[in-house]
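Let me give you the structure first, and then I'll get to my questions.
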């Protein structure tokens, strides 16, 4: 069992949960793409270091090399997972450089990966979060694949209830701490061509119109409330405003791509 | 344990199988694409609701928003799976609209998903099938992602041997009941460019010639029986007639795409 | 338990490992693509024949129908896996033809698949390897999908500690035995556009310059040691020389594609 370095506070998670850790879950959130070999190499480490712990591929197509867009996606997806879930997040264009490796506990969930803002929004939304720079090191550490050599072993150990060595960090002033609470951009285009924005629908007043790529979109409850071929925005199943076309592809029909700016037109005051 | 709503008949599956359900299997058949996050979100639900039950990704590239083509693919793939397998099928362009959620038992296998014809062919080929509209509801039901909020929890419960609440449906007259027994179209183009048709090879007489995109194809036993670059059709490993080019791509070489019509030329009577 | 055909030597692996086989691992290395249904069909067989054994998707995008390039990739990836790991390798353009099905034990790891050179380099690098032609047969053997009907059942049995029937083969003169120790070509282009070569970095003297597609590349330790947009080669996390562009895509920027020839310019003698 590794020592839990430099931390006076007790672990946030009940010990019992981890002692019988068959229900623990490690969730992969990467920009590695759906094929290989990087996800598989991380899974092999996880299986070896935390046998019996479930590993779920949540996203392998997070916005490539874009920790900012990825941060808003992860923040929207994470709350549905139970406390104790360990997110292994690797969107890491700066691997091998100066960015620190971190582990974060927020709302009972854990996040392990690079300190480049990827976890900033998920942590902020929980209000309270604890950050550590990972000082644990394994047998080898390649210059270009910390996901396999550092983040996966650390995630496995946390899922088993161990506490890899780390130095507490101040959550203030970390990368991403100056990013807005919601991001008025397209942060993901899904398999069906729908354009997910970084705006939580609950922050938009009823009647809000979104504008992107020169067109304006009113709100619908869901696809079947729109006419065939009609473009609209709706609150998707993860709470984000998403621009879609009923029985069509929003990306192709509207020219929407990752990073496209969104303008928010609030409804006129009554 | 949920109540099994409105059903007088006994469960088709031996109770013992489900009591020790470690061998049960949930099979994903979707048009979500291989990346994320939709498959991962369903898997997280399955892991939580049916821990220890194996989950297999069978297809994540079923014909997008095309329940008809998907139905013939699923019907060809399902028979190789043991009784007790639960197919979680989500090709669901009408989510949020009026289509009902269903669960179907046919040949000892279960199918959970939208009532849009997706399970019509697999059920028909078993001869006898029992259909229920799913009336079970969980804590939340989004308007756009029933796969996660309804079908996955129901599939998990069935795999555990529970019987989520449902209302018996008449299998006659359901969506897809007027579809043909075999579909003379390209229903899938695989990673190698081979064009899978909705025709079972066993329904085609020896000597049958298939025509598609203006060209005619004779039958071969397998790839190595054709010359390099030769186009042919053969009975694929799932029993379907498939148009292929030895050491080439049928899609590119022949202009074959999903939905292409197939003409069947039976051999002349002897 | 199947008989272990025609082999006088004892199994290379300790029996104990296999008796409690929960830690065993079956690793998929295929050119099937990340969607479906072929990988899923193999996994269903593995789950049925070797329940409880972990199955890891290592690569589903091995160079399609290219056993030679695939062989150098597999040889670079395999050494990180523990003894006892079973690699189920299916890059098999000759399925249904005359190529033999083989199982190979090298360095305590097992390889199951077609005898087309796919395992030749991994076996050679271990120095000692034992080869068998698989004579085991299951209930059905399709002409076009030996991965599902032959290789997966055999891999499952090996992972459980059984020894499927086989005839010893002479490792000399097998397909691939005349291939070079390192391959001066691009053998993989990854999701980020990096071009992986078949050259082990340890075989290249410090100061080596690589040339490909008309351009020359010096060595860097990792991405962050190169300027933005600079092209370079580095030793990747699996020990191979890889051509990359910092914060760019080498494939698009340099016109590098699978199969591109690499010229090695050794540094001038001092």
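For clarity, chains are labelled A, B and C in written order, and residue numbers in each chain start from 1.
The criterion applied here is as follows: a contact is a pair of C-beta atoms (placed from the backbone, for glycine too) under 8 Å apart; a residue touches a chain by one contact, two chains touch by 3 or more.
Predicted, not measured: the structure shown is a model, and the values here were computed from it.
With chains as nodes and touching pairs as edges, the resulting graph is complete, every pair of chains being joined.
Under half of the residue numbers at the subunit A-subunit C interface are used by both copies of the sequence.
Subunit A and subunit C have Cα centroids lying 31 Å from one another. Counting partner chains per residue, subunit A has residues 33-35 touching two or more of them. On the subunit A side of its complex with subunit C, the touching residues are 31-41, 43-44, 47-48, 51-52, 64-65, 93-98, 142-145, 148-149. By the touch rule above, subunit C contacts subunit A in their complex via residues 22-23, 25, 27, 33-35, 54, 56-62, 73, 77, 80-82, 190-192, 221-225, 234, 236-238, 247.
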